[in-house]
Amino acid sequence: MDNERFTRGSEKLKEVDGHGGEQVIASLKGTAPDLGKYIIEFAFGDIYCREGLSLQEREIITITSLLTSGGCEPQLEVHINGALNVGIPPEKVIETFIQCIPYTGFPRVLNAVSVAKRVFAEKKGLHAKTHRTRTIRSAGSRSKDAK
Amino acid sequence: MDNERFTRGSEKLKEVDGHGGEQVIASLKGTAPDLGKYIIEFAFGDIYCREGLSLQEREIITITSLLTSGGCEPQLEVHINGALNVGIPPEKVIETFIQCIPYTGFPRVLNAVSVAKRVFAEKKGLHAKTHRTRTIRSAGSRSKDAK
Amino acid sequence: MDNERFTRGSEKLKEVDGHGGEQVIASLKGTAPDLGKYIIEFAFGDIYCREGLSLQEREIITITSLLTSGGCEPQLEVHINGALNVGIPPEKVIETFIQCIPYTGFPRVLNAVSVAKRVFAEKKGLHAKTHRTRTIRSAGSRSKDAK
Amino acid sequence: MDNERFTRGSEKLKEVDGHGGEQVIASLKGTAPDLGKYIIEFAFGDIYCREGLSLQEREIITITSLLTSGGCEPQLEVHINGALNVGIPPEKVIETFIQCIPYTGFPRVLNAVSVAKRVFAEKKGLHAKTHRTRTIRSAGSRSKDAK
Amino acid sequence: MDNERFTRGSEKLKEVDGHGGEQVIASLKGTAPDLGKYIIEFAFGDIYCREGLSLQEREIITITSLLTSGGCEPQLEVHINGALNVGIPPEKVIETFIQCIPYTGFPRVLNAVSVAKRVFAEKKGLHAKTHRTRTIRSAGSRSKDAK
Amino acid sequence: MDNERFTRGSEKLKEVDGHGGEQVIASLKGTAPDLGKYIIEFAFGDIYCREGLSLQEREIITITSLLTSGGCEPQLEVHINGALNVGIPPEKVIETFIQCIPYTGFPRVLNAVSVAKRVFAEKKGLHAKTHRTRTIRSAGSRSKDAK
């Protein structure tokens, strides 16, 4: 049944794109809910769940394709986050973009690096804030679960 | 010195694209020799020789970018061959193309698969012929180097 | 005479794109007035005035082409408004975008839906405001022409 | 169940693209059978079977998107045939392409018209041949069903 | 009157694209005659007849835009011929393509150089043949106008 | 040695893109310094330093390619500034964009003109401010170096 594809896709979307992916789907609720459904069922339930490539390889292919298409900065932002989520280090994201130069020219690569820069900064900011919050909280409450 | 980049690039081009890459460079001799020089020095001498990604990963990125650009069938042919040369199995080439569907739509993927089909068939034909030739030759000459 | 094409085109532009189209032309006055002239004469005076397709069909073709090109968000905004102006209901605009998924992939469709969402909201806001203003005005002035 | 999407999609593919569509799927059997499966299930079973647009409208959107993407001549050929199959007259196919000029420029339109010219000629040739065959056949067999 | 734009455009088309341009227009007669009319009236009658750029500059812009779009090889062929017709030497055509590498990457440039190679060879072949014909003719007729 | 290409490229970048180019390179320092290095060495050290085209011709080719690619507004901004820096008058920048209409359609040209408008206004504002500042400064200090 299709519900199976939807359930499988939702889990995969969460695994790859985390919060960013869920926000995209949520933002489509009022205007184009079926578009969100197809992204979950087809892109994530069908394609991302296939065998033959690791999740890291799939994200490298995805960010390469988005960089090359041009004008997909919002999707690049989601999937650079996705790349980090599945364990690709930031330097490898950048290295992927650099490998595209001979095939796309510099402008598309510059645009992708510019999105990556913002994503990396946000992650670091988030990490720093989380870390600080935890330090403060644990300082006050001697919480044991602070990592 | 630039000769170093050229030498390094020529070797890398040979390693990746084999005969197909050399033909591209040779075909440029009369009309645009410097274009061939830049492909060797910059694309292969600079970019392909970088660390941070394996050659297999670089070829997956390259064929993804070529598929997404559209209208790059001649270069796709060279680099699908390149992908096989560096040890990517045919099924993984196809899987890479399938991962692009959600980001490029079906037509670009159909075009890439159509090129891959031709490349795979030629390789098989070549392999069969080579194998046959060798069998015949070794049958006649008991050549020791037949693999 | 060319003036005829210009007059015919201006009227068609007004009919299709309304205020948005006139703003585009006005914004070109200082920097590239001839660009505005060609849009009116050629795009609207020649092409949009042809027979063989209804205005609704022409707008569906236009928003499909703009979605597929990518990076044409400002023009998409004008022509999603144009689509509504010539009587295409919002759901049909979205359905047009959904039909593009297999041919362009999800990212271009997501970008177009995101523009549509903004246009629909503005129209609704405008409608609500106009309605409110009219109610207030007619409440105060007992104006007969309030619709 | 997914079989339902496949069955529904197969029928829709046959209705729209006829022989051309089936050939595409058949040609994928050896190299990328799942690509054919997704075209049937997703493009035709999910998207083409939606309500909100007539089949003629869907084909107009499809050929517009293929023209605009560029480099999709094989798919344009299939879908110009598809447009004729669902009852769009040849002149309306050409009119659709002409409406794209202001948004894509002349080259993409020239390429699409060039494919259309070939498709129209083949259909006419086929029609002439079919007609001839029937005349001959009915001359010999007095077949009643000859139209 | 529009006839003026058509007459002006026809002359400009002849000046720039010569035989190749006229063939394109002629090939459209049966299927899309108005497309040919717009190319003459708008592209050549309006745009190419403007002041502010030399014809050589216009052709350099045109072949750059066609290279960058991708999938416009038939139009590139016509306009590489056009570039030569208005006096741009072959080396400058190639240099124009090389300047695009950083902005489009290598594949689009390789495709354009490959078209240029064919055009240059045809011109040379034509020239050689014309020269031979003339030599033969003048050998027989002692024609004075043989150059 | 490569240092030579870098030095040559840095000077050329400064000559063409001025402050804007240096800002791009500087912004890459933290995230992708090698991308900046390749832009300097390859795009400017290799390509822009070639003979066969004037710097003005190279900038016209560059802005044409960027307009045609689409989604390269940040790079267009840098290179419209570059075009002015090497002595191309604003009207010729606009005329270059107008020549692209038949090959790219109106939307890409509208986007490029919109960037040009902003760049021209900034230059004028800057010029006015510089002029004012200088007048004020030289009025107060009788500075000899005011130009």
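Order as written gives the chain letters A, B, C, D, E and F; numbering starts at 1 within each chain.
In the analysis below, contacts are C-beta pairs under 8 Å (C-beta built on N, C-alpha and C of every residue); 3 or more make two chains touch, one makes a residue touch a chain.
Bear in mind that the values here come from a model prediction, so they are computed numbers and not experimental data.
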* Structure fact -> Ordered by label, the neighbours common to subunit C and subunit F are A, B, D, E
* Using each chain's Cα centroid, which is most distant from the centroid of subunit B? -> C
* Structure fact -> Comparing which residue numbers subunit A and subunit F contribute to their contact, where sharing over half means same and under half means different, the two sides are different
* Structure fact -> At the largest C-alpha centroid distance from subunit E we find chain A
* Structure fact -> Rounded to the nearest Å, the gap between Cα centres of subunit C and subunit E is 37
* Just curious, how far off is subunit F from subunit E if you go by their C-alpha centres, in Å? -> 30
* Structure fact -> Expressed in whole Å, how far the mean CA point of subunit D lies from that of subunit F is 47
* Asked: Where the CA atoms of subunit D average out and where those of subunit E average out, how many Å apart are those spots?
  -> 34
* Asked: What are the residue numbers in subunit A that touch two or more other chains?
  -> 34, 38-39, 42-43, 50, 66, 69-72, 75, 98, 101-107
* Asked: Based on which chains are in contact, what kind of graph results: line, ring, star, complete or other?
  -> complete
* Report the residues of subunit C in contact with subunit E in the complex, numbered from low to high. => 1-2, 5, 34, 38, 42, 46-47, 50
* Touching residues (chain side subunit D, partner subunit C) in the complex -> 39, 42-43, 47, 50, 52-53, 57-58, 60-62, 64-69, 72, 75, 91-92, 95-96, 98-104
* Complex interface listing, subunit E residues touching subunit A -> 101-107
* Could you please specify the touching residues of subunit E with respect to subunit D in the complex? => 24, 27-28, 30-32, 34-35, 38-39, 43, 66, 69-72, 74-75
* Provide the residue numbers of subunit D that touch subunit E in the complex, in ascending order. => 70-71, 94, 97-98, 101, 105-111, 113-114, 116-117, 120
